[in-house]
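In what follows, chain A forms one complex with chain B and a second complex with chain C.
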Partner chain A sequence: MKRFSWKLPVWLTDYLGMAGALAILLAVFGFTAENFFSRSTFLIIADQVPDITILAVGMTFVLIIAGIDLSVGSVMGLSGTVVGALLVNAGQPVWLAVMAGVVVGFGCGLLNGLVTVRWSLPSFIVTLGMMEIARGAALRVTQSRTIYIPGYLDFITETRLLGISLPFLLAVGIVLLAQLVLSRTVFGRYMVAVGTNEEAVRLSGINPRPIKLVVFALSGLLAGLASIIQTARYQANPNNGQGVELQVIAAVVIGGTSLMGGRGSVISTFFGVLIISVLETGLAQANAQESTKRLITGAVIVAAVILDYYRQRIRHGKAG
Partner chain B sequence: MVAQTFVQDFIEFITKGIQMMETKRSRLPAAGILFLGLMLGIPACARKTPSGPDKPVLALVMKSLANEFFKTMEEGARQHHQERASQYDLKVVGIKNEEDVSQQIKYVETLIAQKVDAIVIAPSDSKALVKVCKQAMEAGIVVVNIDNKLDAEVLASNGIKIPFVGPDNRKGARLAGDYLARRLQAGDAVAIIEGVPNAFNGIQRKLGFEEAMKASGMNIVSSQSGYWETAKANQVAAAILTSHPALKAILCANDSMALGAMAAVKAAGKTSDVHIVGFDNIEAVQTLLREGRILATVDQHGDKLAIYGIEYALDILKGQTTPADKETPVDLITAETLR
Partner chain C sequence: MNQIRPVILELRGIGKSFGPVRAVDAVVLRLQGGQVHALVGENGAGKSTLSKIMAGMLAPDGGQMMLDAKPYAPSNRNEAEQSGIRIVTQEFNLISTLTVAENIFFNDLPRSCGVIRYSTLNEKASRLLQQIGLDFIHPTSRAGDLPVGSQQLVEIASGLSRQCRLLILDEPTASLTDKETELLFSQIKALCRQGAAVVYISHRMEEIRRIADVVTILRDGRVVCTDTMDSLTTGEIVNRMVGRDWSDEYRRTTPETGPVALRVEHLSVGKKVRDISFVAHRGEILGFAGLMGAGRTEAMRAIFGADPIDSGRIYLHGSQRPSRIASPKDAVRHGIALLTENRKEEGLLLIKSIRSNCTLASMEKFSTAGYVRSAREKKHVGGLADRLRLRCWNTEQAAWELSGGNQQKLVVAKWLSTECDILIFDEPTRGIDVGAKFELYHLLSDLARRQKAILVVSSDLKELMLLCDRIAVMSAGRLVEVFDRKPFDEAAINRAAFREYVHPVHSQEHERNA
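Moving on to the complex of A and B:
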């Protein structure tokens, strides 16, 4: 327990660093974009982030165990089409469709985990395969057509508590819960251990396979959950979530989670998602050219990772 | 049927492979054989029964079949072929992503090698595909361009003419823009959400929207790309609505993006203040058009587009017509026309 007491302030400085970067970004757009500091800007950002945040939580865990999940965007797309097809084409009740969407996501994640663990394959290639499979299935389910969902899922986007939408509250809840799991449970410690040195974990008598399996299944489950929010907002389009995996990985890495595994924080990931979302919304409000948007987004990602490198050095300096 | 017995053999082969895998000793070679079988078997199973020598073989080269518009186009072509199976044979190929230009070039090269009689192509890039189309023509293949028009200058510099059969996207967008302008007052703020920045049809639609808005004296406050995607368009639309609270209309270069803009307008609580215009007339917007939540869209009859191209290619093969451009209809779709 004593070990924990010095660790907390370091965490705090980490969060402060992220919050500082976010504040700088907000200030820049406050000067360059029209009406940036308005209630509606923040409502927009709160509307844009929940699905990405939920995916990013799953991705944080996957990166911590030194894996990667390239299938989250496609799996989200597939789950959404299943929800749409059940609601509209099959006339099923909302609860069933929503459940089915989440279960499909979970199933895809479980399959990723099973294949990765059973044959000790790199998750990069397994989830790359799943990315294609899920997208193909999504196109098959919908015959490549967008399914319009008339009002069934409006309660998800329209329910607000104290002005904050249900998806945002859900996303924040998941972030906090996941951070607790990561830093306060045995499972969380095992994840970090597996990501740091899987062989050492195995030699110390802990089987890393179930841990990896659970992490991949969880990533799929969260993709299923994110799909419900996406579908409620954007209808069931089989092309939903294309390329989202890279956006999610960028957000997680900006948050300081290592692509090499063994290190990461869910709350920092949330800051990473916010930074990307503020950047995109701000650039659109500033009426930036398409080329400018991409140049700046790319530069911010690289800058954030360089910043993280120095943050780590300072931290290790302190600890050592 | 040769194909059927082959399928049976194939299934038996795979079953054997799996059985061999289950007996642990020979796992590795068995897995290898299984893989080999799959590689050889899948294309063989997919092979169609050979056709008579006198029927011309037409190849339809599409953009992404993951896109609803091209899927509709493909289905229209397949139905046309089923009804006239005695007249020609049809091959349909489509690339994975709309931007996958090199893949489409490879497909055309394959078709040249297969010596098809005609290629009806919706080019993913209006410049990059010209060279390979020239090669096809030099190999004696009739080439007809549909959907996305090949660049006139590049065609001229290569010294070839390829007939274009398709709609005038600019005219279509102008129709929708003019219809919208009647609901607005001169000086009103409007925004355009564009397609992928370098897409020819996207650029044409943008130009059509701009023409209509300028002609009626509207103020275009922002024009940004939504990359043809719902989520991206939603983000851009939401941002524009915030920086320009007086916005009266959003013109989207396709219907998927119109769905995203609609969600943004709804989230901002401005459903009754901001008009939305789309393009393509996809199934998902039908109800929304009737309810007036999307004001108008444009139908370029995707289901018939490939058919026009195919019939034109057949006419050229029969020597009934000399190659020239042919414009296909575009129609404005609103709540009134749906009634």
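Moving on to the complex of A and C:
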């Protein structure tokens, strides 16, 4: 086989591939959906993206250490109800309610991590349990009703810098910070190493347990943070975030992070989130039925993973 | 001479190579019905290869086998079993989640319309187990719940459940108690009475003496001799197994040894490592010889904190106070490094770059407040790769792309980056070609010259004699003797390796001596 004589850095080709896929998607909807390239479309997308992005950053880390966190949607829901209950039912100040929401998320994540690490359990089942527990707690906190929050959190959705909403800026900031942690810090290096071969890490004199613990706690903390944005927009509904974990995992995997651990990128995850959102919004604008939307979204997820399989083979020179 | 017995399996000039290594060479063997035929030899003498060839698990690349005077060339284990040749190895083939009865009759479950008839199955199994004296094993217990010895017996029972012409037992008593061994022996005798042949592989001379009728001694893949058991003394057998002569091509000049780097006292780990004590000095290469399963790997892992120890103390760098090493993390902090025998599974992040592998254990040196200093890291890795002559395109290459020898160098580089003082190498040259081996020997000598203490575990005695200043010999979990280079007496070392298997010392006596 002939090879091209010019070669781009691997990370750049990865991002270019993702950006290309996104561009193609935008072009397709530009042609098929009426008024796709309008201000309102992009406002919808920009509204959808932040909370999913923040959850997906945590999920990327969890997948990199070869774990999974199915509880993020429920934990986000629970944190939101705590915020609502403190603001409305208990009349607490905004800063305290927001802090409490984040702390509840962090606590759920920490518990996931402690149980997973202490008894070496599969995180799939531990976080599945937490998914139910957090949802149950959310329903208990609100007595299964939505708590309406009169305006306390409007500053979050209404603050704009250069026309970009605060949540969106926050999400992008978290993405950049997380990518920095992943690629430039010792902690990031250890995460990747633990996901690649935990025993080799242990025998290199590094205790993998605290690393895993921190990653699960971080995923919970980010779920708590995402809940503030969610609640500001949708009120403290105990059913907030139902099924979001699967959407988040799909976005992360579309971004090329391996479910087997040891490989992933936060920037690519962000592209994954954008692809999912554009797909969803575009299909809605093209007046696709719910059934069509789901069929196409499912196909895109599977196609992305197949594409990633070939990308890895080429990079590892196994394609022959 | 014995009465004339039918020859069941005959091997005519069987050979097998693995790459450049001739594992089995022109072996002639006649296995007669009603006889127990022992195969003995050192590690790597070709016993296991030979038995795998007979059992259809390996194809020979020379010679011919005749089963009942007809050509026999099984292409897999199943075919061999259909011809009535079964093997029981140290690795179990039981399915741990199934019951004993299901395992025994796995290939031949009684059924009607695809549904297993459990009553018939359990009855059949129960009858078989009773027949061979295993009535304490219940046919409906889960195989995985049985103690290891019983599992081995069930495995042998499943061998007996079928038409069996030849049964090959590879180290069957390694995990058996004395009582279970007795049961095994009565099963073997019963099988012989039915006219089957048995091949028995073991390091334990006592057992061989008791059970075997004929013994074949293998050395370096060749048959040294085949004789009746009565005509050889145990001493003669051991001498013939190990007695080879060869000349050193490369001799290490023992330097002045430095101060004590590591002192281990009364270290015990379960039954694998029993009360071992030794001293290693800076600037010295200390070898650990012994048979497979003598407890060398377990001892090294315990010193490194990879596995918990039961008792014993470890003193480092001449200190009078014992050091607490409860985890590899503690060991690394104390300047100890372990290069495990499975570098691919336990030593390297195969899909990651040379660079990140190299600095994995020493990240704190290449970072400030948790932030990686890439420039410093790259410079260090590049320099070390040059020094160790690591053959690669660049240090961003993934570790799996390297050859075995270069992967081993990369593991060495990882530990040199930590500036450790005590390096423990477990089988450092396994799976490495000859050229790379010598390069690694030079590297180890060089490290010793730099006043590191080097411990080397190897199953290749030649290698240890070439490389080491002293060789400690372990036998059945005990450290039986330490040899000095003056020069090494290969036969004596080998005899020491067999010592605990030939004449087991009672633990009380040993403690008094130690």
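The rule is simple: the second predicted complex is superposed on the first by the 309 of 320 C-alpha atoms of A that agree within 3 Å, B and C clash if a C-alpha of one lies under 4 Å from a C-alpha of the other, contacts with A are read in each partner's own complex, and residues count from 1 in each chain.
Definition applied: contacts are C-beta pairs under 8 Å (C-beta built on N, C-alpha and C of every residue); 3 or more make two chains touch, one makes a residue touch a chain.
Treat the numbers as computed from the prediction; the structure is a model and nothing was measured.
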Message: In the overlaid three-chain picture, which partner chain does A:Glu199 touch, first (chain B) or second (chain C), both, or neither?
response: second
Message: Per the contact definition in the header, classify A:Ser120: touching chain B only (first), chain C only (second), both, or neither.
response: neither
- request: Using the touch definition from the top, say if A:Thr185 reaches chain B (first), chain C (second), both or neither.
  value: second
Task: Between chain B and chain C, point out the one touching more chain A residues.
output: B
- prompt: Is A:Thr281 touching the first partner chain B, the second partner chain C, both, or neither of them?
  reply: first
Query: Of the partners chain B and chain C, which touch A:Asn239 in the superposed model: first, second, both, neither?
result: first
- prompt: What part of chain A is in contact with chain B in the complex they form?
  reply: 33-36, 38, 40-41, 43-44, 47-48, 135, 139, 143-148, 150, 157, 230, 233-235, 237-242, 280-282, 284-287, 290
- request: Provide the residue numbers of chain C that touch chain A in the complex, in ascending order.
  value: 304, 306, 327-329, 331-333, 338, 340, 345-352, 356, 360-361, 363-364, 367, 370-372, 374, 398, 401, 414, 418
Message: Considering only the defined contacts, which chain A positions touch chain C in the complex?
response: 184-190, 192-193, 196-197, 199-207, 262-263, 316-317
- request: Spell out the part of chain B that touches chain A in their complex, as residue ranges.
  value: 65-68, 71, 197, 222, 224-225, 229-231, 234-236, 238-245, 255-256, 259-260, 263-264, 267-268, 282-288
